[in-house]
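Chain IDs A, B, C and D follow the sequence of writing; residue 1 opens each chain.
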């Protein structure tokens, strides 16, 4: 059971309501703020609740019976969609928001070219990896600080916002000075220390689904971040690991888009690049994601995919990116959405 | 390596070309017709091939180097899309074709109501199970012959074509007299005897993907049917089995739509009802399927879902079906496709 | 809720008890015999039951509250282990019983050699495929009738019992005259028509787990067979399909051995050959299966694996088979079991 | 291709061989030491190699053609089994080594009781979580420093070595002063920063397989650690995530035991507690693990499982732990192994 307090209750009022709940025999637990509302969790059976008439307590806005283990992230606690703003971009306001850029920041030339293409194609956010979590310790691991600086430069020139993956507290600290949004990658979705760390900063977080994470575990990862105070989370489906591995890198689980929008108020976007691992499937799956109701897309694009230092096979060429942009536009408009 | 002969070669000419190929030291294998072209399979390395100049042999239309184990079903053997016609409906001609109806035929009243709703909503084919493969031997197993007769009656009244699942040679034989298309269900996708049996009849086949079938195995199942002579196959993605089982029945693997259209010339449709198992996810996933390029959809719908004898949770109500129809229309039109 | 009647109740007594149960307002359903005990299923809540005192009814042996959808197959309905006898072999009596032989019957010479090796190595049952369900329609499909005759001949010479896979009613009918046990393969585990057909014959059935079948579905497949009257079922775990596909064909799910023995009274054996698909993993996994409590093993073995027409990579050579035999013996003895 | 140098080559000799390899046109990469041998990686095709006769170069012990992406961890680079010593315990020397203890350190009383039981049952290493990675931010997260101190105390009293999970650099640093072995958990198997960090310390590492990690990814995680200099790694299979979730928490993938021992020289143990999540399956699966060739086991045990703060359902009671110990002993002895 979750008790959502009215906005602007004072700390002493919170203390007072806590005392009263303890008076009923509960062990109330302050979950943190949910968009200006303080939320208190208590263990109580729904039928016990009826007799208590908690709703009539001063400062209580709503009492929500909740079966989910995720609380701050759950739709029941907050009815309207959360809107997460990153620079000019907004996720969750009904529009279709595109994040684009190369897998890794490789050079000034590469990134600036990519950023210009992204801007022309209607992207609002530039992606680019400065810290690359690679399966092999012998693969290219990213330009680190130099990559972050190039992202800032590309953002300044094009007006795009920027997002980059962080992999530990050190890279997070470095990234905070340079980018507008930080990403927690699929392999770190249950790196709870990292989740807590991004929960304590004031940048929006792009939270990718782990490659074998259930929807519940994914929303619990968001709950970890929110429990530390940061509520600006954009969820991102990027394909799950299944038995089909001959033709595609992962299996894009697109049904989670409408599902998550029922379970949670958080925006959800789709990464068709990592999901399929094939350049030729990205455009149709991007169209499908928009049609399924995704709040946006993140795609890999490279001025010259054949020269990419990582993930070239799944990076769109400039021409393909133009096609993607036109297709998204078409589907968005048909569904009355702005791209 | 596959040799596609010109159309209208005579049996004696086929015998002659076989002799010549044997003269080169091959063991040619006649695979059967592929839309009026006879196809011959030979084991040969591409570099050996160059010296032979098979293309200059009389009656040879094309020589196709082929790495796939599926041959008649492969895009390389037939470049253009195959169009499968079922009554007024066509699959594979660029249009979006809707199959709708109840999980099981339950009664005359139920089926006729469903058929009328289907027709109004733009469906071209009526689905309805007369032989139900159920996990439990104690569950309702279908009306069998009576169900087939009701399908015929509903078709006559509404002008819809009909499709029903067959589960063995006996049900296939019964269904042939009553329906326009036969379905091989997910659980029977590797029931090779059944595949061979539907390969010998002259009705189009709706071939569902097995719940843990790779794309290759699915296309090999189509190859089984085609190897017996029946080339009128519509593939159907209906969700695969993954680790996520709390919120959804299966995981809709929508990326196979553009993938299969690259690997094969056969049309492919999507079943969002079985894929998700949740009424509230069907409409967004139907939109997504069309946006991904599916040649059509098959959805479960019931005049009164709460009274359904099977799969009520995933059956659309009449109102929801109307919404589905409008949404498909919208997305189809945006992509320049006819629904 | 399931009511197990005493042994040797007469048909008229069954009719009488049915009438009484109907008198209480139930719709009793006769599930068939369970090892000489007739079992009746009724829908009733446990707390309603208490008032009725069904246990005091004449002819009632036990009343079993049952949450499983499988009933005749469930441990609750029959406490002791079922013992399935096939020739000299017994499954479920605590001994470790070995089935061995080639993937496919290829020739008289091959099969006789394999049978002699099997007998020397302590196998009690000879396996050999006469009807091969192959992924490709162009692969070797088995010797059919000739293969069955060779199995009979090899059995006569070596004193082994025989088992072969059946794939439809026609092959089942043919096999009945020649072999001692029929196998339903993984791909047909939910071919309910075939399950019913083997449920009507009087031969023991080896029921392989489907490659993505849950334990519940597997036991429901056994229930299908039992609901038709055949209770002589040996379950066989043969590996499931998972994301790991680089090094092994399937993932051997050995934990189902102790699990199934808790859920059901039916014997369960293990097929390490199909599970791993690698000759070099079969012996350790065979040892592990015995240590986990399996009632037996089925392994592929070939006099000359390199010449095998199918599955040569997973067929043990005569020497390896000798090693397997010694290893099984060693582990069995340590656990106080007879091999 | 990997070049293994002779032991005791000097830095200047390494520089010299590097120059020579560069003289041949290669870009040699120093991988680090492998048990006193320096290993150099060069990109070269096997047929090019033959002409070079690298084996005759001074200081070269062996030249190993290597297809695996893991190098230091691969069996080809080191033929004999690596033996990892933790206190009195050894992993990889042919013996069966048992790690036991509670999921989490909860209190002095609980841990000391558990430690005494572990020692009596033949365990050589005490496990106990001080930093618990929990799915929910609201669950018990471990006693941290206090837990580490209790582990040290319990070790001092019983003579057991200790292992505890670390979750980031901070917990690693804390743990180094208190325990004999650090564990990287399944959720952190691809937390590359953590892998690198444990690669730089001089404690043995217990590396659990990620819940959807392929064998290749698992060995690459070991390679990350080894590439930083720490070669004392014990691999641990703890169950993978599959579609079967009704009866078991994970699917124990026991076949990886003999597989990994072929691919790598590192020892591999099995965790039947997390793999099955059911107390009643742990003993049979522990027996099976030993029979499959595992170098040891790690099991959860609690003086009073019903009071456990986490994972009580999968914790053995003292009596069950005694049974486990006797069963392991029996199977070990039958296979000529010391427990």
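Criterion: a residue touches a chain if its C-beta (ideal position, glycine included) is under 8 Å from a C-beta of that chain, and two chains touch if they have at least 3 such contacts.
Since the structure is predicted, the reported quantities are computational estimates derived from the model, not experimental observations.
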Selected pair, greater C-beta contact count between A-C and B-C: B-C
Most widely separated chain from chain B, with each centre as the mean of CA atoms: D
Whole-Å gap between the CA centroids of chain C and chain D: 37
Chain centre separation in whole Å, for chain C relative to chain B (CA means): 33
Distance between the centres, which are taken as Cα means, of chain C and chain A, whole angstrom: 48
Two or more partner chains touched - positions in chain D: 212, 241-243
In the complex with chain C, residue positions of chain D that touch it: 212, 214-216, 240, 242-244, 246-248, 251-255, 257-259, 262-263, 275-276, 278, 280-281, 284-285, 287-293, 330-331, 333-335
Of chain A, residues touching chain C in the complex: 212, 241-243, 245
Chain A-touching residues of chain D, taken from the complex the two chains share: 29, 31, 41, 69, 133-138, 167-170, 187-188, 190-194, 196, 211-212, 217, 220, 223-224, 227-228, 241
